[in-house]
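What follows is a group of structures, each given as structure tokens.
Both of the next two complexes hold chain A, though its partner changes from chain B to chain C.
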Partner chain A sequence: MSEVYSLLEDEEKTLNELRQQNRLDRIKSGESDVVMTRTREYQFIHAASIRVGVVVFPGTLDDVDAARAVRLAGARPIPLWHNDASLSNSDAIILAGGFSYGDYLRTGAIARFAPIMEKIIDAAKGGMPILGICNGFQILTEAHLLPGALARNDHQKFICKEQMLEVNNENTCWTNDFEFNEKIKIPLKNGEGRYIADKRTLQELNEKNQIVFRYYGDNPNGSVGNIAGVCNEKGNVLGLMPHPEHAVEPGFGVDDGSVSGFRNGTDGIRFIRSMIADMLTQAGVK
Partner chain B sequence: MVEQKRVRVLDTVDLAKSTPDKPQDFEALGLRVEEYEQIKVILGRRPSDSELAMYSVMWSEHCSYKSSKFHLRKFGEKMTPKMEENLLVGMGENAGVVDIGDGWAVTFKVESHNHPSFVEPFQGAATGVGGIVRDIMAMGAKPIAVMDQLRFGNLNHPDSKRVIPQVVAGIAHYGNCLGLPNIGGEVEFDPSFQGNPLVNALCLGALRHEDLHLSGAKGDGNAVILFGARTGGDGIGGASILASDTFEEGGPAKRPSVQVGDPFMEKVLIECCLEMFSEEVIDGLQDLGAAGISCATSEMAAMGDGGMHINLDRVLLRDPSLTPEEILMSESQERMMASVRQDRLAEFITIANRWDVEYAIIGEVNNSGRLTIDHKGLRLVDIDPATAAVDSPVYKRPYSRPIWQDYLNSHTVQIDDLDKAKSPAALEQHVLKVLSHPNVASKEWITSQYDHFVQGNTALAMPDDAGVVRIDSKTGLGVALSTDANSRFAKLDPREGAKISLAESFINVSCTGAKPLAVTDCLNFGNPEHRDTMWQLVEAIEGLADACLELELPVTGGNVSLYNVTGTPKNQDESGINGSINPTPVVGVLGKINDVSRATPSGFVAEGHSIYLLGHTLPELDGSIWAAAIHDHLGGVPPVVFWPQIRALSYALIDMSRVGFVSTAHDVSQGGLITTLFESCFRRGIGCKVDLTPLKMRDKIDDTDALFSESLGRAVVAIDPKNEKFMTLICKQYSVPFLKIGVTSGVGDDASLEVDGLFDIELDRAKSRWGSVIPDAMN
Partner chain C sequence: MGVIVVEVMPKEEILDPQGKAIVGALNRMGIKSVVGARQGKRFELTVDGKVTLSHLEDAKKAAELLLSNPVIEQVIRVSESGREGAGGMSENEGVTA
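So, the complex of A and B:
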């Protein structure tokens, strides 16, 4: 928590540095999809006004990473405490990974009753973009914002690896930066990540295009239909097991196979960029 | 039914004075007659039962280092001013603290949790992680990474299926829940660890210089606060009895329950402490580990102003039936003790409440020079805290070089005439056997259960040579960490074995481009009351102290774990060495790297890169994996440590990394050159073509030596051909022998490792052999 706060204090300075750095990096790298066009630059500056609430329950672990992802994408992370009575004017919410309340009873089962969840449930129903990662996904299913449930991995062990995903729905507010069928790589780490749902629910998910990501290559935990992430009918609430927030910064992401050998894979940042782009489009910024 | 009320007369200090002859069962608490007599001399009377309990745990081997203390002084004696240059806190505190520049410091330490992990592998291993993390926190640091050093018996022994998955799951459960990336470590298999696995845990913490906390309770009138989990009946006597006695067959059941960990409580405790650090509410901080409140109070008092008064009835209990003696000895996890200035108390309470952390103000600091503990108005303890915490007995136990050592050393690979492969086909078989030896085989089954992504600062983690984490996100400043021990080498020669542990960690850290700065160690040995074992311990300590002097690295702290033996003394031979583990001096090296995102990885990154072998290869197969995998042989003498070559290689690797000329660097150690090459290939499935002829001619060795020798001070680097001339310049500058041995070529299904004129092994085939060894044994 304290790190998030101290980062916020430095935010003005950091943000300017980041802007400069980001611009330079993009121009230097010369990769077509990240070259700063006029439009993008314009968006980037406006993005700073987007407030993304990052919820911390006791036992949440990846809140610092999620806040960093938001910041690197150009938006403003707002730390939210499980006991908070308001969302502090957040425009979007991230429920980060971890072991909220020690996973006691059942993953996400206690967090679902935290005071802040009432507000989040209302906001979700009102169309606010909500991203639940890992434990956040578990909380969203417990809160019935998303269908299905997450059970113990079929091999009964915790697993941590770099995971390939296939994008199955590129039309949600969290995935519009991806192409349909695109293969992306982000970290996966969970003990209870096996997605399960009854037949009817699965059929509905398929029909309504709510399966957003499937595991590609291998199925790491026995999830039904290789499902890695699902959204609600509206598409504003996305839950996924793998961790985009751990692949947002060159050098600290996943192995992208580049000749540098560094961990430069940053597909995760595109989740946040999608949401920002969606929000700016809605706000009329082109 | 009338409930019977248990009537128990508390043994107070007054009672101790008035009943000097009351018999006390000090032996059941692990104290010897002389030690009991010494306590009486110190106090000028017999101890009360509570005092006896305190002394028994504080004077146990685990807490007092009574067998090793005399020899551990060598680390201090062999310290030069240059070695102390970067040291903010040295040995003796909870953990050493090293300056890494820009106002940042790091603290790190490795500790053992061996015995509990055999009795109850899951909780034993889990609480091992919890304990070392609190040690790091007690220095005022934010824990930022963990590592584990594991040693198990034969992989295919039936009991291994009980111990290994549970130990790994315990570490994963606790570490993952804390949100600390597990960035590396080691796993070794040897039959000597069958009945006594080694579970060592390392934690790394980062802090600003001004946040440094020492454990001493200074400040007359400061409140002494116990906070975190409540005190329960778990692990009572664990420190003194469980951790210092052998696992006897049919002996009395002296095995109190292993402590049970609650990582969620610890996670909340960490966040709570970090907030207290940043608000500067804490004066002194101490974690509660072995010997619980006894240890925390006497150590805090002894290291501070010297006096403290405690009201034991204020301790929050999980089990109200605990006796005062039990409260003093309880090893309940997730507890911390703080000394807080009276004017900061309100702030302390606010933060604790915010995190829903329970606390109790149990006493206060004074300058009386006495540690006094009351319970319901009765005085139970009145001692000079230093006599428990500092001036514990020191034993100069007898030791001598075992007679069997010469026998072991004389049975070299040459003398025993071990067959080397005579045909390329046989050589290929040897390669595959070495690759599937458990000590070389992929450890992914274990490491994939650990989260290494959390916190987003991990630049390198297993299976790279060292774990590399960022500390300052603005500058990219960070550290590299590696630990190493080769218990087979240490068995052949404990002195050289300890040096080898350091040399290998040192090169591992250098491979990433980090500059080595400091050392921590965990010395795992057998029963020090046996002359042979004691000799091994003394040799290892002296060897390590000498090695540190050679590399000018300070030992900043660590741990000694003794009595790692199985079987009763009767079952053991005269020397007492049967049933003892291989001597295992685990050595961790920490290095500093200015931009962690540029740390050199260990796996090949692209085709068409030139592969160079740095360093000389000698025919050193004694104690090697080749000898173990092909001939089940252990004898001879370990590889020679030639310090100038080790230092030169380190300088060269760091220089290459700084200028960015080298693409990958991987040290050559267990399993020899061929293992290093395969590991580099496996990372991205990039093959290579190698010609050993120049190497064999230059170093006058045969095929088996070239492939499997475990000579020290070597590394394999791969480099873009356009940078070759710079690399060779750097090597020449430091006089590091270099030789081009091949090129990387082939990816995907076609990729293979081809050694000119000998064999051509497809990567897929080799990888499935290498990768399936541990999963097959565990599933």
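So, the complex of A and C:
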């Protein structure tokens, strides 16, 4: 009897492996069985096969929170190391916050030349969703994937607070869950978060709708035009100074104002949900 | 061993909060004649043997690609140590944003 069971188990295992492969193929190929994927449950299955690489450089701090945000949103976090030669079949990439290489030379300047960045730059140009948070944003500007630069806060102090943002572009793959002009709140913590770009670049950013988030209520670090986050022309690469990954779970997010002190603000998870929704749409999952 | 000096300064139009803090400290310690300060970076790159033109080319490349960020900084000197303004590529020569 036990032999029969183990045979059945083997068969089930093979079936599961096949199913997994089919899911990946489907997401990759953009084809899907529409009848099978109508329900929300099936969406979860597809979401779980979306691989989101979270890159760790020496000195990266927020990779675990970023990976947790990916898991809570329903996708699969894949740990990536700065020295890796491949992106391990990632479908999207998050460059997490921290102080890569101790912020030596300039923030993000050394990380930009890490081996994995070559692959990320290629992937970004190929349209893969890339999210750079805080130090990740700094790395993306140093890598010239995003325009402008981040300089020391005008008041010279490190900031750590809950920050209101205004959504200025809800059409990117990382922000489609938001409404235009919506006010959201996520944590902000940085020493060098003052966004700078020359006049011509700012004009281009405005014209091409690349300013995705502006600080709302106050300008915490002297950023030009209250800019908190920008995307590339295609919209697949987004960098922002505030930290969505720290506001993803009720009870452990930011104060949402409804019941003070309960920290139920989870606007951060909507970044990841946006990307998942976008990818499912692209894969033809309804 | 030759040494090439690369100097990088924040662009004129960019606010330099470190410089501002330095002026504040100088004034507080009694040096009131200083009304402005800007803080930059100096790199000393050591090469094998005497400094050649090709070494200087490499240093210029390093200055543009890694040692400075053209959005906020300006390379103001790439030249052999001790030979300021002579023989090397000093000032803004050949350095573009």
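Everything below uses one rule, namely that the second predicted complex is superposed on the first by the 242 of 286 C-alpha atoms of A that agree within 3 Å, B and C clash if a C-alpha of one lies under 4 Å from a C-alpha of the other, contacts with A are read in each partner's own complex, and residues count from 1 in each chain.
Just so we're on the same page, a residue touches a chain if its C-beta (ideal position, glycine included) is under 8 Å from a C-beta of that chain, and two chains touch if they have at least 3 such contacts.
Since we're looking at a predicted model, the values are computed, not measured.
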item: Clash or fit, chain B versus chain C on superposed chain A; value: fit
item: Chain B versus chain C as contact partner of A:D198, first or second or both or neither; value: second
item: Which of chain B and chain C A:A149 touches, first, second, both or neither; value: second
item: Chain A: partner with more touched residues, chain B or chain C; value: B
item: Chain B versus chain C as contact partner of A:K161, first or second or both or neither; value: first
item: Chain C versus chain B - closest C-alpha approach in the superposed model, Å; value: 9
item: Contacting residues of chain A [partner chain C, same complex]; value: 105-106, 109, 113, 141-142, 147-149, 151-156, 196-198, 222
item: Of chain C, residues touching chain A in the complex; value: 14-15, 17-18, 21, 66-67, 69, 71-72
item: Chain A partner contacts - residues on chain B that touch it in the complex; value: 169, 172-173, 176-179, 262-265, 267-268, 271, 274-275, 278, 355-356, 448-459, 470, 476, 596-601, 603, 605-606, 663-664, 684
item: Interfacial residue positions of chain A with respect to chain B in the complex; value: 1-2, 6, 58-59, 61-62, 64-65, 68, 98-99, 101-104, 157-161, 187, 189, 191, 243, 245-246, 248-252, 255, 257-263
